[in-house]
Each structure stands twice: as structure tokens, then as C-alpha cells.
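Okay, structure first, notes after.
Chain IDs A, B, C, D and E follow the sequence of writing; residue 1 opens each chain.
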Amino acid sequence: ADAALPETLSHAGQLNVGVKCDAPPAAFLNAQGKPEGIDVDFARYIAKNAFGDPGKAVFTCVTSATRMQMLISGKVDLVIATMSPTDERKRVVDFADSTNWGASGVLVRRGEQYNKLEDFNGKTLLSMKGGWQAQYVRKNYPDIHLVLLDSMNDAITALQQHRADGLTEDVKALLPAVARDPDMQLSNVSFGISWGAPAVRRGDDGLRNYVNRMIAQARQDGTFEQAVKKFTSGRLQEAVLNGYLTAPPDGSSSVNTVLR
Amino acid sequence: MPETKEAPIIETRALRKSYGELEVLRGVDLSVQAGERIVVMGSSGSGKSTFIRCLNGLEKIAGGSIVYKGRDITSLSEKAWRDVRRNMGMVFQDYSLFPHFTVLRNLCFAPVREKVLSCEDADTRARALLKRVGLYDKADAYPAQLSGGQQQRIAIVRSMMMQPDVMLFDEPTSALDPETVSEVLAIIDDLTADGLTSIVVTHETGFARRCADRIVFMDQGTVLESSPPDVFFDRPATERARRFVANHK
Amino acid sequence: MTGTFFDWHYLWDATPLLLTGLRLTVVLACACIAASIAIGYIGVTILFLEVPVLRRLVRGYIALFRSTPLLVQIFFFYFGLPEIGVRVDALTSGIIVLSLWGGAYQLENLRGAVDSLPRRLIEAARSLGLHPLRTYCFIILPVATRTVVPAMMNTAVSTTKNSALLTAIGVPELTYVAMDNIANSARGLENFFALFVGYLIIVAVMSCMSSLVEARLGRGFAR
Amino acid sequence: MSLHLITDNAGFFLHAARLSAFIFLMSVLCSTVISLGFGGIATSQIGFLRVGARAIIEFFRDVPLIVSVFFVFFGAPMFGLQLGPVEATIVSLSLWGGANGAEIVRGGICAVPRHQLESCRALGVRGIDAFFFIVVPQAIRPVIPAYAGLCTILLQSTSLGALIGATELLKGAQIVIERSAYFHGGMPGITVYTFILLVYLAAGTLLMRGTRKLEKVFGAPVRRS
Amino acid sequence: MPETKEAPIIETRALRKSYGELEVLRGVDLSVQAGERIVVMGSSGSGKSTFIRCLNGLEKIAGGSIVYKGRDITSLSEKAWRDVRRNMGMVFQDYSLFPHFTVLRNLCFAPVREKVLSCEDADTRARALLKRVGLYDKADAYPAQLSGGQQQRIAIVRSMMMQPDVMLFDEPTSALDPETVSEVLAIIDDLTADGLTSIVVTHETGFARRCADRIVFMDQGTVLESSPPDVFFDRPATERARRFVANHK
């Protein structure tokens, strides 16, 4: 094993990591109940480097609502769960460098035309609970009626059923819906880049630095590329790969970026 | 049973009734003349309550017939029974007053609702009856505010509101404490004295002796004896009745 | 959890948002309680009058709603209703489920009360020659209602508390607002404090109302 | 309806259902212990014990169960406890069930006719003997239906674990829905929700059957022949 | 009250008892000789039950004293009361058998638990007593399988198991139906005939006349009369007692 193994890992003897269980392609449980996905592969990659055994990554399911709590309470030492660094969150946990970026977009029903977020004033926009898009919209566009849900599938169903006019999320998360549902399309609205970053407990710099190194290494040796290709296809694959491997158009950096 | 000249007001022939396996009435024959005052006695479970409930159509009978004023009412529709019941008052063992109505409303509700009396008539009649049983000042009380004896007197008055031809009483005093029993029995005696036909199930031998024209003794679902009180109490014909009378002192 | 142990300042800032949640909870509760009591009365009437086919439906309805988790019912209706062509938003869907759920319980309460009425009472009405429908409307229902008030109030309180489950389909009632605050700021203590106070107030108000209703209905009724 | 959705994930559902059952059994066990303890204390003669127990019971009864689930999950670290979703669900269900069960137990003990205790006193039987040999056996039977009702609610409430990420039956269902929608498209929600609704219905019915049996067993000697 | 030579087995002096505001007993003086058979009568609410329960220590008294066999037992500890109670049988109005025990277990539970009798002795004694009241074959039945009269007979036998010196009966037949009343009263008569002291609260005048050595008439928490049955029933001294006797025919 690595000589510079952070204390958290050497002490635990394994990597306790929290991932989502219902968020393909990032992380999900397969029919056998085993975790799979891009985040899961990355966690196994870390474990393999740390302990020489990818099986030393031990996964726990978290949700958007519980992921910070699981970290704070010590149930897991690392959370890789599509979490964007924000000021509010940084008061509670520490973020490693971001692994990927994604533009936020709005999914709408085919044939409906929206060009900027203002177009949704007075209309209903869906978003995920605890997602930063919700906060962003609430803060900057108070006239948009915002409805927050727990899961993407709920939201897409709601949109199909005309319960709302749009669904805002990471473009990555929206693309699968576009791919499988001909009645849905991505609108021209694109508002800001969100980063996804692993998080560690406040002050656990050892693990944070270690994860930072792993991210750089994984980007180099094609680990991310492989993982993305394994769980995605088509337009989605393209968008996700871009998010992992290229720099974002707004010039923001993956290092300690905070969304406001 | 001795044949009488006049047609009976109410008559049962071979009345039978079972609850599941249990045969409760096994052919009850009884004919009651208008104005007669009958007391039904018998030990617990002998079928007295069941019999009196059959008379009123509260129980469906299994066989035999009931003739009321010359008309066979055995298999009337529920609607026709309702009309019959208006002419047949019934008072139960435990006060069955409507707890959410005042005394006056208890008395007037059925006759007014069923359009037997107008509102004013019902009111007049109710107050007159209340006066007669000494409860005039309780007209606006609720049942729960009355003692058991008072409640039972109201229940009797209620069933008199429709001016019935026949009054049925099922142990009207058995839920009362000893001191109020005689007060309620006196009311029954008073109200039925002037020509009203009445059938009273009771264990009160004093009342039976004093007020009954005839004692009907039931045992195991049949009428075993039917004789005037002095005969029944002093020279009962059957061994069973002798034992019964002895137990009741 | 971070910074000061209990941040009144934070709570003060969050209050307007929490109050919108509280308001929705109250509205939800009122709507669902009213609807569920209505369902209860309709259902018990169907059972009592032994309406042929409807009776079985009512039985099945009670069984279904009383023996499955409300949370699953909430999801089921939220995603199920549109499949049969009913397009409603989360709030409406929530009100429908919660009313149906409460209705099943209110119906059971009423059925129990009607069944346990003294048989004498009904027989007394019959022996007075009173029409069965009038007996039902003027004697049975009023008397049963008086005995059922405590149970009815219990169910009403449960209905109110269970409105918190509508959080799961994004109805922004009190719990939803508080949990959203926590997910965003990890300020658990303040938000839970607000939740406890909010629900305690609602439950306290409801118990007071229930005592009032009981006292009012019970006038001249209980010994 | 696509039934293969169910059959393909049978193992997964079974696993989730096992977790639900585990949460349920643990909650019932802990609730019973708590309710016996607190129910006993709530009927005690000692004033402050009684009042204290009643206050705690009231508190847990007044707060919506879902709020106490969240509270236990997010609040436990404040008391130095580290509870995962499953443990938090069990703890909160137990506290809630214990509070409600205590009320039931208290009711059962109070419902034993007073003259039963008086007969004991009149016969010179010691108080403690009277409590264990006369009061408790008679309190059990009338308590069973209410307690069974409580168990039914506990069974249903295991689904609250889903909201804090315990992969019990409901959360499992949601995971299957997400995965299936991602890889195969369509609207798997209605099928899966119908399925688990039926599973809960079956479990609830089974539970009720069981208690009716139990009632018969305990009711035997007291019922009229 | 006439002074007797022998020391009384049980005696109360100025016994007082209140429930909150309500004064139920306002100075009851009564002294009972060993072997005497007392019947306590009085209208409802006059304090008969309360009095008899005070004798047995079931109610804490507010004033006065109770002397049992020359020993003041007014303020004994609960433990000492237990011993006294073993010598004082008590039978309540509603059959208070333990519903989850068989008849035999009902009889043997208290004596065996409290180590007054061994298991075998209790069994022998129970069966002998059951035979005496004609319920030998019901030893293994549960109370719910017995009629009210049978249950009450068992309750009486149960309190006789400890071989008490004094038996207290609180309206032992008021929950029974008329025909079984006399059967239970006969048992009481039989069991108390051979020198057992007994105090019976009852409304049954027949029994009181036949079996009592003395009638104690209570009214509003005091003893109004205390005289032999023939005196009490035929020439009551007070107006109140006269009214009472008249009501009870």
C-alpha cells in the first residue's frame, strides 16, 4: 500500500464511501443489489490504490437529503454523490477537487420554446431537493414557481403529466430522458456550470489531499473515461465525457470552485 | 283455555321461534280479550321476552300465526308492521329513551314525524301525560338527568303517545332499585286501569296478584298455565308452577 | 451543529418560510379532515343500509387503505392517477390520498359506534313505528356521532400529523420546508425546534377543539 | 404492466423486504419492552414518576412519526450517537411505538375491574402477588387488539425508512424504478408501486389473521362456553 | 343498644368516612357478638357498603375506631390488615371470581400463595366445601361457564377457605335473577348457621326475617335502628324505618 496513506483510511482499513443508489449512471444498485456506476468505479479505484484491493471500498447508500449527515456522523468517510460545492455546504463539510462539470439546463416538452430562465416567470419549474439549481433559481428568479422532488424519475413523470413546464437539473441528468422520450427536449436555456466534487469531513485534509491526487491520476490514466463509457452511450456519453475530461466554457476551475 | 264469546284483540296460534339450534318458543297459544290485563311470568330463559317481542314484530317468527283484531299479521311487510306497531306500545327493561332528545322531544318525535299527531296535539298530549305521571316539570330535561324510575316512567308515557290499543311491558322494573319499583308499577296500574289491553312480563308477584286479570305462566317456550292470580298463586295446577311460586315466596 | 449551538438568528430568518409551510399544513389538515369525515358518513350509511354492490366496495376500500402504508399510497396515487387519465398536481393528489386514508379510519370509527349502539335504542324506535330511514337519520346517527367524537378527533389528529408524509411528493408543507432547510444548511437543531413547536401547537389547538366539541355535543347526554 | 420488472428483480425485492421485516421485528421488540416499562410506571402510585412517564409518552405521541424519524437520524449525533438509516428508523419507530404501547398497557391495567383487586385484598393476598397473578393475566387479553393495531402501524411505518435512505421495500422499489427507467425507459412506477402495495396488503392481512388467533388463544378460558 | 356481658367480637365506635366533600358515614356505632347473625338494611346510598368495606380495611376511615377481638385495628399497617382480613371473609355484590382461573384454583389461590394452607389441605378443604354447596362437579370449570348463582356460591366458598371468624356479605344476591336468589341465600343460611359470625347487607326481607338475629337499619350514614327482625318489621321505632319497611312490603 501507499506510504502516504491518509490516517482516516489506514485507521479504518477500508474506504467507507457514501454513494447514491438511485442515480444511474453515477451510482445505482444493480438487480443483485450491488452498487455500480461511474462514482462507484472511481471509489473502487481509490481503494485499489490505497489497499491494493478494489473490494476494500465499502459502499453505503445516501440520498441528497442525508449525504452530509452521513458524513458528519461518521457513517462514511467520503461522499461521492453528485454534490456541488456551495458556500453553505462548505461551512459543514470540506470538498475535494471537482471531478466533473456540467451545465445546468432545462428539460421541456417538445415544441415548447424557452430561451432564458426569465421565460419561466410565472410558470412552474421542477428541481431536485437539495440541488443547487433550486437554490439558484429561488434566489435569482423569485417569480418562478419552484417545485422540489426527490428523484429524477418523479420529476420527469411530473413533467410528462403537465404538472410543470420545465425541469432544471444538470444537463447530464436530463439527457437520458431526452434519449428515451421523444416528447421531451432540452430547451436553449443554459445557466451556469455546476461542479460535482467528493466531500470529506471538516478538517480531514489528509483524505482530501489523497482524493485530490487520485482525481488527477484517474483523469490521466483513463479511469474516468473507461467508467463513463461503461455506463453511458450516445449523446449522454459525449456530454459526460466532456464534463470529466475537458475544461468548462466559462473558464471556472475544478479546484475549489464555489457556486454562488 | 276457555273459549270466550267476544273475538280476542290479539291471539297467537302455535307460535314458534328458534335462534339457530335453540328452540325458544315451541308453540305458544294465547288469546287476549280487549281490555284484559295479562301478566306473563316464568323463569329466566323461558321465552317471555321472545314471545312479547314476536307480538310486536321485533322478531321474525318461525311458525304459527299472530292475529290482531281479526287480521292475520304474521307475514306482513315491514311497512305494514309499522302501522300495527303504532297501535301497540312497548316498554323495555332498560330505559331506551333517546339520549340526545329532551323528554318532550322524546315523547313527540315519533308521532309528529310519522304524522300521527300534529305538533300542537302531540305537545298537549305529552304534557297531559307527563302531569299524570308526575313529571310535568321534567319536560325539558335530558334522560341522563333523570333517575332510573323517572326514565322508565317517561318510556311508558312515550309508548302511550300514539294512543295504542295494546301495551306490552318487558320487565319494566327489573333494572330499577327496590324502592322505585313500586312507584313505576303504580303508574302502570294507573295507566292500564281504564280499559287498555296490557301484557306485562314481570317477576313482581305483588303487582301480579293485585293488578292482573290473568297470569300466564311460561316454561321452556310453552304456556304451562293461564289462570287468575289467586288460582295461580294459591293452587297452581302444575308441579313446575308450584316450584316457581314457592321460590317467589 | 456548526458555529453556535442554537442560532436564534438563523431561526428568525427562516421563520417566514416556515410559516408558509405551517399555513399549508393547516390548510391540508382542514381539507382532508372535512373530506374524510364526509367519506366516513357516506360509507357508514352504505354499510348500514346494506346497499348491495357498494357495500362490498366500501369493505374493500377500508381493507386496502387501512392495511397498506400511507407513504406507499401517496406514491402510488401520485404516479398512478395520471395513468388512468387524471392529471392533478402533487397538492391535489396529496389531498385525495390523505382524505381517502383518513376516510377509511373515520368510517371504521363510525361503524364501530353504530354497531355498539344499544340494540334497545333501535328497537324502541322500531316499536314506536318510526320509519327506518328516519330512525337512522334522527336517532342512530346523532347518538353514534356523540360516542364517536373522541375517536374521530384522534383520527383527525393523525390525519394532520400524517400530512407531513406529503413531503415525499414535494408538497411544501411544514416538514418539507424544514427538511429542505436542513438539506441546504445542515441546521438541524433550529429546524427541528420549529417543527416540534409547530406540530405541538396544531395538536394542542386540536385537543382544545375536541374538548369543546365533546362538551357541546355531550350537553345533557352523559350522566 | 410489465411483470418481468418484478421477476427480474425478485432477488432484489426479497432483500429489501427482508430489511423491512428486520426493521419491523426489531421495532416491535423494542416497543414492547418500552411500553411495558413505561406503561407500568404510568400506573404507579408515585406521583412524579407517573407524571414524568406521562409527559414523555405524550411528547412522542404528539409529534408526527416522520418528524421523529428525521429527528433521530439528524439529531442523534448531538447526543453522541452514530445511527445509520436503518438504526435510526428502528430507534424512532421504537420510541413512537413504545409511547403508544405504554398508553395501551396503561389502559389494559386500568381496565381490570376494581373489584378484582379488592377481592384479593379481602382474601389477604399480597399486592405484588395480586398484580402478577390477577391483574396482568387479565390485562393481556383486552390489550391484544389495540396492540395488534399498533403493530400494523409499525409494519406500515417501516416504509418511512425510505425517506432517510434505508433500502427497505419502498426505497428498493424506488431504486428499481430509477434503474429500470434509465436503462429500459418507460414508466415502471405504476407496476412497481402496485406490486409493493400488494405485498404490504398481504403482510398486513397476515398480521391481522395472526392476532385474531392470538386473541382466541388468550380468550379461551374467559369466554362463555 | 343493650349492653351484653360477653366482649363483642367486632365493634365500631363513632366510625366516620367521607369521599371528598361527601360525608358517607357520620359516626356508626355497632357491636357484634361472636356467633351473631346481623342483617344490615337501608336505602341506596345510606352507606351500607362503605361501612362493611371499612370493617374489612378496604376503605381508610376518617375517624372513630374499629375493635376486633378486643384489639384496636383502626390504624394497622397494610401488612397487619392482611392478617386480619384472613379471619374476615368478604363476598361482594358482583361475583368477583378470577376469570382466568378454574374454580378450584380460585379457591386455593389465596390460601396457598399466602402459605396459610398447604396445597393438599387447600384442595381437600375446597372439595369438601364444593360438595357442601352442590358444585363438586364444577371444580375444573371456568367462572364464565357458570351461571350467576353458581358463581356467587363459589365466591362465598372462596372466602370461607381461610376458615374466617367473621363473614361479611355486601348484597350477595342483588346481581342474581330472582329464582337463584333463594338458592344462594339458603347456602348463606346453611354456612353461617353453626356459630359463624356474619354481617349481611341485603334487601331480601324474607331472608332477613328468617335468618337474622338482629337487623341494623342504616340511614344517611348512621345506625337508626338495631333490633330483632320481628320488632323491626312489625313495629319499627322510627318514621324513616316505617317508610322503608312499607316499600319493601
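The criterion applied here is as follows: a contact is a pair of C-beta atoms (placed from the backbone, for glycine too) under 8 Å apart; a residue touches a chain by one contact, two chains touch by 3 or more.
The model shown is predicted, which means the values in this text are computed figures rather than measured ones.
S.K.: Hopping along touching chains only, can you work out the least number of steps from chain D to chain E?
M.R.: 1
S.K.: How much rotation, in degrees rounded to the nearest 5, is required to superimpose chain B onto chain E on the basis of Cα coordinates?
M.R.: Nearest-5 rotation angle for the superposition: 175 degrees.
S.K.: Does C-D or A-D have the larger number of C-beta pairs in contact?
M.R.: Ranking C-D and A-D by C-beta contacts puts C-D first.
S.K.: Find the geometric centre of each of chain A and chain D from their Cα atoms only, then give the gap between the two centres in Å, rounded to an integer.
M.R.: 37
S.K.: Starting from the mean Cα coordinates of chain B and chain C, work out the distance between those two points in Å.
M.R.: Centres of chain B and chain C (C-alpha means) sit 46 Å apart.
S.K.: From the C-alpha centre of chain C to that of chain E, how far is it in Å?
M.R.: 53
S.K.: Taking each chain's centre as its mean C-alpha position, how far apart are chain A and chain E in Å?
M.R.: 83
S.K.: Which parts of chain D, given as residue numbers and ranges, touch two or more other chains?
M.R.: 74, 77, 163, 187, 189
S.K.: Considering chain B alone, which of its residues make contact with at least two other chains?
M.R.: none
S.K.: Could you tell me which residues belong to chain C and also touch two or more other chains?
M.R.: Residue numbers touching two or more other chains: 1, 79, 168, 179, 182, 188.
S.K.: Once the touch criterion is applied, which pairs of chains come out as touching?
M.R.: Pairwise, the chains that meet the contact rule are A-C, A-D, B-C, B-E, C-D, D-E.
S.K.: Write out the stretch or stretches of chain A touching chain D in their complex.
M.R.: Where chain A meets chain D, its residues are 21-25, 28-33, 60-63, 65-66, 69-70, 72-75, 151-153, 156-157, 176, 180-181.
S.K.: Per the contact definition, I'd like the list of chain D residues that touch chain C in the complex.
M.R.: Touch list, chain D to chain C: 62-67, 70-71, 74-75, 77-78, 152, 155-160, 162-163, 170, 187, 189-190, 193-194, 196-197, 200-201, 204-205, 208.
S.K.: If you look only at chain B, which of its residues touch chain E in the complex?
M.R.: On the chain B side, the touching residues are 43-44, 177-179, 182, 203, 206, 244, 247-249.
S.K.: List the residues on chain B that touch chain C in their complex, please.
M.R.: 53, 56, 58, 78, 82-86, 88-90, 92, 94, 96-100, 102, 109-110, 113-114, 116, 141-142, 144-145, 155, 158-159, 162
S.K.: Would you pull the chain D residues touching chain A in the complex into a rising list?
M.R.: 8-9, 11-12, 15, 73-74, 76-77, 82-85, 163-165, 167, 171, 174-175, 177-179, 181-183, 185-187, 189
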